[in-house]
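Alright, structures below, take your time with them.
Both of the next two complexes hold chain A, though its partner changes from chain B to chain C.
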Partner chain A sequence: MTNANLPRRSWIQRWHVKGFGWTALMVLLLIGSSKMTDVNVGMFFSNLDQFADLIVRMSNPTWDYLSVIIQPLIETIQMAILGTTIGTIFAIPFALMAAGNLVHNKFLRGFDRLVLDLVRTLPDLLLAAIFVAIFGIGSTAGVITLAIFSFGMISKLFYEVIETIDMGPLEAMESVGASKITIIWYAVLPQIMNQFVSYFLYTLEINVRASTVLGYLGAGGIGVYLQRSLNEFNYGATAVIILATIVVVLIIDGISNHLRRVLL
Partner chain B sequence: MDEHLATFLRGAYEMEQAPIISFKHVSKVYSNGTVGLKDIDFSIPKGQFLVVVGLSGSGKSTLMRTINRMHEVTEGEVYVENEAVSAYKGRSLRTLRRRIGMIFQNFNLINRSSVEKNVLSGRVSYYPTWKSVMGLFSAEDKQKVVTSLNRVNMAEKIYARADELSGGQQQRVAIARTLMQDPKIILADEPIASLDPLTTKTVMDILKRLNQEDGLTVIVNLHSVELAREYADRIVGLRAGELVYDEPISAVTEADLNKIYQAI
Partner chain C sequence: MQAMMSNNKPHLSLWRRWNWLVWLIVVAVIYVWAIGGLQFTGLQESAGSVSKSIVHGLVNPDWKYVYNGSGEDLVSLILQTLAIAFLGTIISALISVPFAFWAARSEKEHYRLRSGSGKIVLTLIRTFPEIVLAIMFIKAVGPGSYAGVLAVSIHSIGMLGKLFSEAIENMDRGAEEAIVSAGGNSPQVFMLATLPTIMPEFISYTLYRFEIAVRSASILGMVGAGGIGTPMIFAIQTRNWPRVGIILLGIVVMVLLIDSLSEQLRKRLI
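Showing the complex of A and B:
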C-alpha cells in the first residue's frame, strides 16, 4: 500500500460516531419539544381545507382597491428608509466604539456592547406596541421602531466589519501624526464603506418587510390596511395588498441585491 | 589601520555630527514577559544612512518604533533632536511623528483610495482635524503631491487607485506620502521584503538619494546582508533584543555579518 505511512483512523472517526450522535440528539430534542409544547403536526394537515378555502376567497382580487393602497405602500417604503437611515446614523459612532481594534479601553467597549446587546434583545413588535401607545397610531411610531431596530442590528454588523479591517493603513496614518478622527476618516472608512452600504441595504430590505407587519399594530403604512381588510373579511382586498407588497419587496430586494453586487 | 586611531576618528566624527537620535539604556519587556530590547545604548548622527540587521524577532521593528513612540519603552530613554520622546503627549506627540517618516514592508496604503489621496494623507498633521476630514488642502500642498510623486517617478499614476499598482509602485507612493511630512528622519521597516530584486534596487536607490540630496537621516531594517553593505554608512546588528554589532561600513566584514545571523 502506498498510504502505509498514514496514521490509522481511530474507531470513532471510522464509524462517524460524532455525526450520528449529534443527529440522533437533534431528532430526540425535536420530538421532545413537540411533545412538551403539544404541537400537533397532524392538525396542520387536517386543517388544510381551511387553507384552501381562504385561497379560494382570495382568488378574486378586487383590483380597484389598488388605487387606495398605493399611498400607504409608498408610506411603508418611506418609513423603512427613514427608520433605517436614522438608525444607521446613530449606529456608526456606537459601532466604532465597540470595535476592539479601535478602542482599547475595555470598560468603554464593554459598556458600549452591553447597550447594543440590550437594544437588540427588544423585539420590534414590542417596540412598535410601546411607541404606538406613546405617539398614537401613525407612522411616527413605526419610524422610531424601525430606527431602534436598525440601530441594534447595524451597529453589530458594522463593528464586526470594522474588526476585520487591515490595520496597516492605520499604523501608517498614526506614524504620520494624524489625530484619531483623521485616522478613522482616512484609514478606516475607505476600507469599510462598501460593506457599510451593503449592510444598510440589507437592513432596508428587512425593514420594508417588517414595516408591513408593524402597520398591523397601528404603526402606519400598508399594515393598517391589511388588518382592516382582514377584519372586514374583505379577502379580495387582502389579496391585492399581499400581491402588491410582494411586488414591492421583490423590487426593493432586486435593487439592493444589484447594488450590493456592484459594490462588493 | 591602527584600531585606536580608527576609534578616535570615529569618535571625532560623531562629536562633530550632533546625534539626531540617541538611545540611552533602552529596554523593553512586553507584558507577557518577553524581552523585546535589552539595554540598547547608541547614537545616530544627523544625515547617516543606518542599516539595522538581525533575524526576525531580534527586535529590529521594535527598536525602530521606539523612535516615533509607536512602541513604548519600559526602561531608559530615546532622544530625538535632544528631546526625550517620552515627554511628548497628544498634539506634541503628533508633531514629533510628523518629523519622522515611516515606510513599511506592506506599504500600508489605503487600497481603495486614489494615489493622490494617499499621498495627501501624509500632510494631515499640518491641518486641524476638521480640515483634513473635509479635504481642505491648500493649493501648495496639492502641488506638493505632484512634486513628491515626481521624486519617486510616479506622477503619471496620480489618479490611479492604490490597489491597481504593483508592489514596487505602491512602495514608491508610500515614500511620496512620507515626503509630504517634510521629515528629518525616515524609518524604513523592511521596505523591500515584499519586492522583487529590480524594484528593490529602485526603492533602495530612492532612499539613498533622499539621504544624500536632502540630508535626511535614514534608518532601514534589512534582512539582506548584501544590500546592507551596498547602501549603509553604518551597520548595527541586533540579536534577541541586544545590540551585538556596530561598525561603520569601512570596517564591516562579511564574516562579522554572518556571525549576527548565526543561531544563538
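Showing the complex of A and C:
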C-alpha cells in the first residue's frame, strides 16, 4: 500500500530524455558552427610562432609614443562625456513615455518601447561606420554614435527605475490638480535622481570603453592611432596605446564606481 | 566623507549647505572642458545628400541579397555570425570556469592574494579591446570567422569569469557541507554539490553573454574576422545603401530574435 504512494518517475525522467536531448542539440550546434566557421585547432598551433612573434613585439612598448597619444586620449574622454550627455537628454522624455505607471496609453508606450528596442539592437561600431559616412572622419561622428548608443541604453535603464517609484506623492499631487510637468518635477524626479546619476555614470564607463575603438573606423579619438599603428605594423606603439587605454578606462571606472557608491 | 566631517558640526553644515554649488561648478568645468576640447568638423556639404540616400536605401532594401545560394548572401552570413558567437561563447564559458574559481573570494583565504590576482587578470582581459584581439588573431590564423571565434572566446572570459566568480561567492554552501559531513572527498564535493548548485546561474550568464557576443560578432567582420560585418563595411565604403539597408534589417531581426529566445530560456532556468 505504501508502495503505491511512492512517486513514480515518468518514462521521460527515467531515461533522462531532456538531458540527452539538450546535450545532443548542443553537440549538433557545436559541430555545425565549427564547420561553418572553419575552426581548425591545428592551424592555430601551427601558426603559434607568428602569434608569439606578435606578442613579443608588443611586449616591447615604444614609450616615446605616449606623448603623441595623450591628446587623442583626452579627446576620447571628451567624446564619451558629450555623447553620453546628449544621449541622456534625449533619453529622459522617451523614458518617461515608456514608464507604465506614468503613461497609461498602451499604444504610445508600446510604440515607444519598440523604438527603444530597435535602437538598442544596433552595435556601436556599425553606427560609427554609418555616421562617418555622413559626417566625415572626425570626432563629430563619434559623439553622435555614442549619443545614439547611450540613448538606447539609458532610456531602458531609466524607465525601469521610474516604474519602481512610490506612487504616493504622485497621487497626492494629482488629487490637488497639479499638471503633469509639475508632478514629474516635484514627485518623480526627487525619487529617481540618485539612480539616474548612477546609471549615467555607468553608461559613461561603457562609452569610454566603446569610444576607444570607434576611431578605428574614423570616428575620432585614440582609435585612429590604434588603426594607424596596426596598419604600419608598429606593434610597440599599439602596445602603448592599449596600455594607456586600459589605464584611462580603469581610472574612469574607479572614479565612477566611487561616485556611485556615494550616491546610492 | 560624511563620517569624517561629523566631528566638527559647523563645518559639516557649511558643506551641506553649499555642496550643490561645488558639484555644479565641477560639472560645469567638466562640460566646458569637454565641449571646448573637441573640434567639431561640422556637417559636410554632402551630408544632406548622403543622409537622403541612406534613408532611401533603408526604405528600399536590396531584397535580392537575402538569399541567392552563393554562400555570400545575408542568410548564410547571419548564420555564420551566430555560429561565431555560439562557438566563441561556449569555448569562453568552459575556459571561464577555472578563472572564476581562481577569482572567487572564500572565507578560508586570509590575504586575498589568490582571488585578488584573479580579479585583476579578469579586469585586464575585459578591458583589452575586442577589435584588437580580433586583429591579432587575424595575423595568427588569417582573416575569416575562425579569428572571430578566437576573439570572442578570449574577450568573453573577462566578463563571464567575473559573473561566474560572483555566483560562486554568493552560492548556497549547504549542499557542499552536507557532502563533507557525509565523508565525501573534494572531487566528490565539487561534482555532487558545487557544480549542480551553480550550474543554472552559469548557464543563465552564458546565455546573457551569448546575446552580447551576437552583437560583437556582427561587427568583428568590419576588421576582417568573418560574419555579417565584412559585407556591411564593403557596402558602406562603396555607398551601396540598399545593401546597407538590408544588412541592417538582418542584424536587427537577428538580435531581436536571439534576445527574446535567450530571455525565454533564462526565465525557465531561474
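As a working rule, the second predicted complex is superposed on the first by the 213 of 264 C-alpha atoms of A that agree within 3 Å, B and C clash if a C-alpha of one lies under 4 Å from a C-alpha of the other, contacts with A are read in each partner's own complex, and residues count from 1 in each chain.
In the analysis below, contacts are C-beta pairs under 8 Å (C-beta built on N, C-alpha and C of every residue); 3 or more make two chains touch, one makes a residue touch a chain.
Nothing here was measured: the structure is a model prediction, and the numbers come from that model.
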(Q) Touch test for A:G168: chain B only (first), chain C only (second), both, or neither? (A) first
Q) More residues of chain A are touched by which chain, chain B or chain C? A) C
Q) After superposition on the shared chain, which partner residues are touched by A:G21: those of chain B (first), chain C (second), both, or neither? A) neither
(Q) With both complexes superposed on chain A, which partner does A:V176 reach: first (chain B), second (chain C), both or neither? (A) first
(Q) Touch test for A:A187: chain B only (first), chain C only (second), both, or neither? (A) first
Q) Is A:G254 contacted by the first partner chain B, the second partner chain C, both or neither? A) neither
Q. Of the two partner chains, chain B (first) and chain C (second), which one does A:G110 touch, if any: first, second, both, or neither?
A. neither
Q.
Quick check on the superposed pair: does A:P93 touch chain B, chain C, both, or neither? Answer first, second, both or neither.
A. neither
Q. Across the complex, what residues on chain A touch chain B?
A. 166, 168-169, 171-179, 181-182, 185-187, 190-191, 193-194
Q | Residue ranges of chain B touching chain A (in the complex, touch as defined) | A | 68, 70, 93-98, 100-102, 104, 106-113, 117, 121-122, 124-125, 129, 132-133, 174, 177-178, 181, 187
Q: Using the touch rule from the top, collect the residues of chain C that touch chain A in their complex.
A: 1, 30-31, 33-35, 37-44, 47, 50-51, 54, 79-80, 82-84, 86-87, 90, 123-124, 127-132, 135-137, 139-141, 144-146, 148-150, 215-216, 218-219, 222-223, 226, 229, 232-233, 236, 239, 244, 248, 251-252, 255-256, 259
Q: Using the touch definition up top, name the residues of chain A that touch chain C in the complex.
A: 26, 29-30, 32-34, 36-40, 43-44, 47-48, 50-51, 54, 74-75, 77-79, 81-82, 85, 117-118, 121-126, 129-130, 133-140, 143, 209, 212-213, 216-217, 226, 230, 238, 242, 245-246, 249-250, 262
